[in-house]
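There are two complexes below, and they share chain A, which is joined by chain B in the first and by chain C in the second.
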Partner chain A sequence: MTSALAHYLDVASRFHARDASAPEWLRRVRAEGLAHFERQGLPTSRDEAWKYTHLAPLVEGTFVPPEEARRAGDLAAVVDRLGLPGPRLVFVDGRLAPELSSLSGLPRGLTLKPLRDALREDGEVLEALVGQRALASEHTFTALNAALLEEGALLRLAPGTLSEVPVQLLFLTRGDAPVLASPRILVVAGESSEATLVETYASAGPGAGATFTNAVTEVTLEDNASLHHYKLQAEADAAVHVGGLHVRQGRDSRFASFAFSFGGVLSRNEVHSAFAGEGGEATLNGLYVGRGSQHLDNRTALDHAVPRCTSRELYKGVLDDRARGTFHGLIRVRPDAQRTDSRQQNRNLLLSESAQADARPQLEILADDVKCAHGAAVGRLDAQALFYLRSRGIPRAEAERLLTHAFAREVVDAVPAGPVREKVEGLLALKLPGAARREVRA
Partner chain B sequence: MALLTVRNLHARVAGKDILKGIDLEVRPGEVHAIMGPNGSGKSTLASVLAGRDGYEVTQGEVLFDGKPLLELSPEERATAGVFLAFQYPVEIPGVGNLHFLRTALNAQRRVRGLEELDAMDFLQLAKEKSKLVKLDTAFMNRSVNEGFSGGEKKRNEVFQMAVLEPRLAILDETDSGLDIDALRTVAGGVNALRSPERGMVLITHYQRLLDYIVPDKVHVMAAGRIIRSGGRELALELEEKGYGWLGLKDGASTAVAAKGGEVRR
Partner chain C sequence: MSTDTLQELTRRPYEAGFVTAVESDTFPPGLSEDVIRQLSEKKGEPAFLLEWRLKAFRHWLTMKEPTWQAVKYAPIDYQAISYYSAPRQKPKKGSLDEVDPEILRTYEKLGIPLHEQKLLQNVAVDAVFDSVSVATTFKDKLAKAGVIFCSFSEAVREHPELVKKYLGSVVPYSDNFFAALNSAVFSDGSFVYIPKGVRCPMELSTYFRINAAETGQFERTLIVADEGSYVSYLEGCTAPQRDTNQLHAAVVELVALDGATIKYSTVQNWYPGDAEGRGGIYNFVTKRGIAHRGSRISWTQVETGSAITWKYPSVILKGDDSVGEFYSVALTNNLQQADTGTKMVHIGKNTRSTIVSKGISAGRGQNTYRGLVKVLKSAENARNYTQCDSLLLGDKCGAHTVPYIEVKNASAQVEHEASTSKIGEDQLFYCRQRGISQEDAVSMIVNGFCRQVFKELPMEFAVEAQKLLGVSLEGSVG
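And now, the complex of A and B:
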């Protein structure tokens, strides 16, 4: 056993001893999580699914779950900067910060609860939800998350509920302690309901030390439900981030995922969606922007298990310095899934000689009447375009920034206009300095 | 003093000699037309003057306003007042046309020590200049040249020239591929920009352009050299007799010349 694995097993065992009063079902979930984690262990580069991922920052850190919540009122300014109008739960170093959270303005039919409260009040509901979409038996970090299950959120939409304002979950780390945060987010969108959920992960200072966030989100979309899910990951350069989003889509449901990965020395973002009813649509978009020695790893898996579903995927990467980006996109079309219409694109822009991108589309098509297209590209800035801009008087560095931002914009422009897009643009501008926003339309 | 002086210019591309001793002098206020068959080196001359990568100058010199031009970067040349209207304007998805042009104008103004234009002032300027080439404001808000027709791209080039107000404009086959209506619009825009301070070099394959923009001097280029220079009458003679008259082969031009064309003054 590696010392890192021993460390996390020890951490989880002590966690269980601390919270011995938990209900039996919860203790079982945690114990099973621990067992699955122990069996699977920490991944190594010999594991196919982690072959291209640089795991050292994770293995070398000795991250521990947060102690009792500290006062976080001093972070109000950070929350103002990153917060969206509308209801939100804020977590600091893995713990709910009630003084920064706000549940006013919740539309009728929408329930948003901190997981701690839900564990107390909605045991039966949670028991039926936890681990249904994200399987601890298959994903070792999901297992670790289950072993440490305590914080997170429950979002429920009654059938027909329409939420016009986005619901935000804001996860902040201070970076002054090697915290392991393990949020679990559970979403159930009832029939014909519609909502937007934004998960924001950011560093709040003052420290710039390493932290480890291991987030799991489980989403159930009932028939004809629609969810826009945004993940804005802009943690500090030293942060380790592992996230898994697991979705089950009912008949005629629409799911749009936007994964923006800007921060972290190591960021692994997984999106898994399975069609369980005909007529579903999934849109998976991603933008990863890395510099320094960042490693930004993306993995998507679409399971076309039933006929007549549509999926669209666009992941783009911008990599500078020695940064490395990975995209692995699996599309599985099962034998019964006729009339599947699936398209996947991954494009990478390298801004330095030492930057690197690995693009790995993987299609497993077992039905014959399907449309499946995929494309992957790794390239540099277009020399013709660069000359065109310079020939008008724009200095080289500025022209490069314009083109880089234009490349990244395609994903940002797919976000509907509004406060979420403004936040994304703001974070992107910080990441790609000097990149200007598009001119206001005349 | 001449605005542009080209002396014995030799240049090669990918190891192949293309320009083999070009001499050219353009004074402020003059419009020069450079004609010639395909492969004569016309566009190479334009690219070398604008500073495109991949062109190696092996001999000769170029002075702009009496100062060496070739040692400047493309953006420095633009700021000095050199403008190239591209034969094939580049599509740049994701970069708004207006934003691009304001960035360019302000970059030039910064170097010249002028105050930058804010978005509102610039929009006013752009609207006014766009009338010259009848470019709809809807086009100005789209990505640079993306999805533009051939005519729209060329009008966009002349629009940029109108906003940037260069001292020397080089128009590289701005007339190629245009319908007569589009050609009239583009030529109208170029004519409106003629001024006693500004020099222009029209590079063209077809004499038709010169029915709409009347040059002061006409040069015929072949095999990397200017083989003949003259006034407007040279273009007319070329139209009448075709490139074959000068011992040059060029199918396309002969066909145009044979068809004839209306002459306007």
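And now, the complex of A and C:
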């Protein structure tokens, strides 16, 4: 057994001993999570699903969950900068920070609760939800998350609820201790409800040390429900981030996911969506921008299990310095899923000689009446486009900046105008190479 | 189209499925160092080759059969296979007249023009019947050009220095499980050497045929094109109809030295098994070429046969300005499985590769494209274009696309496109409306789907490929 695996097994066992008075079902979920994690272990590059991902930054650190909530009073300015208008829960180093959170103005029919409270008050609801979409038996980091299940959020929408303000979950790490944060987010959108959920992961300082966030989000969309899900991951350069979003879509439901990966020395972002009812639509968009020695890894899996569903996917990567971007997108069309319409695109822009991109678009098609296509491309800035701009007197650096922005904007432009897009644009402007540090108004 | 028509059209029998009654000299089943020594002795091989075989065998013993592929088969008992089978006859023949007439008739049935003056006047054939090369035509004309085209065994005897230099230089014996097995027990195959600056005066062709039951065919092909030379090589395969599975684990190595061009075309029509999936050939083949500066290696394959096809003809683009191409049509019907594709490894500057893969699935067939495009740091200005299209005929079959793209150089331009579709009702309607029968319409559309690949095939093969596709598939649209 590797020492890293032993460390996490030890961390989980100690946590279980400390919280021995937890309800029986919760102890069972944690124990099963631990068993699955022990069985699967930490992945290596020999595992097909982790072929291009080197877990050294994770294996080398000894991350532990902080036992006590940490003082967070000096983070108000950070929350103001990253926060959106509307209800939000803020977590600092994996622990809920009630003084920074705000649950006022929740629309009728919308319930947002810290997971700690829900574990106490809604045991039966949670027992039926936890681990239903994200299987600890299949994903080792989901198993680790289950073993440490304690913090996170529960978002429920009663049937017919239309929530216009986005709900935000803000996860901050301070970087002054090697903390392990394991949030679990549970979302149930009732029939014909509509909502927007934003998960923001960022570093707040004062430290710049390594942290490890291992987040799992489980989403159930009932018939005709609609969810816009945004993930803005802009953690510090030393951070390790592993995230899994698992969705089940009911009949005629609509799911849009936007995954922005900007931060971390190692970031793995997974989005899995399964169609359980006909007429569903899924849009998976992603933008990963890396520099330095960042490794940004994206994995998507769409399971067309029933007929007549539509999916669209666009993932783009901008990679500078020695950064490495990885995309693995699977579209599975099961035997009965006739009239599936699925399209996937992955495009990578390499800005430096040492940047790297790996693409693995994958189709598994077992039905005949389907339209499926995927495309992947890796290249650098178009020499002709550069020439065109320069021939009009635009200096080379500026022309490159323009083209790089234009490349990245395709994903940002898919975000509906509003406060979320402004936040994304702000973070992107800070991240893109040679970016002019100016706020762009939507 | 109705299911009845579909079944009727896909039930066409395998036309090359006859057995030839030839007495053969066959080893009892089993594999050990002794078997290899015997085999080597029987073939009168030099010591270096026996040593190499034994090294491969010892390495093979340490290896595990791979399981990552998307094909399923019952475990193979390697001790139940006979590793040598040769038609029993006089040692070596001076002309075709001496070849066993039974064998010649087999080739005639297959439509292989062994007689020089007939049909395909410009094709030299090195026919491999089970494991021993039977006859080689056009020897003289080739010899005049300095081209060496002979069976592998002959090359070992006549040109040991060339064999020693290039054998295993592209596919080392330790490469993979089946390549190691082949290296240990390969019985025969073809050897081609094209001298510097020579354009091979005709297309070279080998016809493989597995005849004896319970034998594995382990042939080895080595083609060396010296600087500035050109060769086009054709390979066709058939096997008799039997209800047990037979293993075919071949290795093909291509060496294109500076400025050389090798065009390698395969039409593979091994026995695919019956409609219930009984019998058929396991076609587990390692094919790879190394392209030196300014050279070009082009693989074209039409894979319609075999119960399982599992191969990835690849090109190592080692030299600057080298070019790799892969054109493939793979068809799976009934319970056939195909997991095929290519690897293009860009090492040199300005290297270019093109991949065009067309997969057709019918019946309960499973068709997988699996490919790797790897651009190493040194491959300045590398360029790849990949297109993989799948056509699904029927709702019980599957099409899978598993490309891997790894780019470590920013100046590279790599593009991959894939699509999956079926024959549209509107396309069929359009044809029928103009008085074209359903069957002809489907055939026309499928041929159109494969056209990009067929146009890469030499003339004679293109015709054969189209016919094969017709036999295996025609009209099987759901």
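The definition used in the following text is that the second predicted complex is superposed on the first by the 432 of 442 C-alpha atoms of A that agree within 3 Å, B and C clash if a C-alpha of one lies under 4 Å from a C-alpha of the other, contacts with A are read in each partner's own complex, and residues count from 1 in each chain.
We take it that contacts are C-beta pairs under 8 Å (C-beta built on N, C-alpha and C of every residue); 3 or more make two chains touch, one makes a residue touch a chain.
Because the structure is predicted, anything quoted here is derived from the model rather than measured.
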item: Partner chain(s) touched by A:389 [first = chain B, second = chain C, both, neither]; value: first
item: First, second, both or neither for A:378, with chain B first and chain C second; value: second
item: Which of chain B and chain C A:335 touches, first, second, both or neither; value: second
item: Touched partner set for A:407, first chain B, second chain C, both or neither; value: first
item: Partner chain in contact with A:24 - chain B first, chain C second, else both or neither; value: neither
item: Partner chain(s) touched by A:356 [first = chain B, second = chain C, both, neither]; value: second
item: Residues of chain B touching chain A in the complex; value: 50-53, 73-75, 77-79, 83-84, 86, 89-90, 92-96, 98-105, 107-108, 111, 119, 123, 127, 137, 140-141, 143-144, 160, 164
item: Touching residues (chain side chain A, partner chain B) in the complex; value: 382-385, 387-396, 398-399, 402-403, 405-407, 409-410, 413, 436, 438-442
item: Complex contacts: residues of chain A adjacent to chain C; value: 48, 52, 335, 338, 348, 350-380
item: Sites on chain C touched by chain A in the complex; value: 68, 375, 377, 390, 392-422, 478
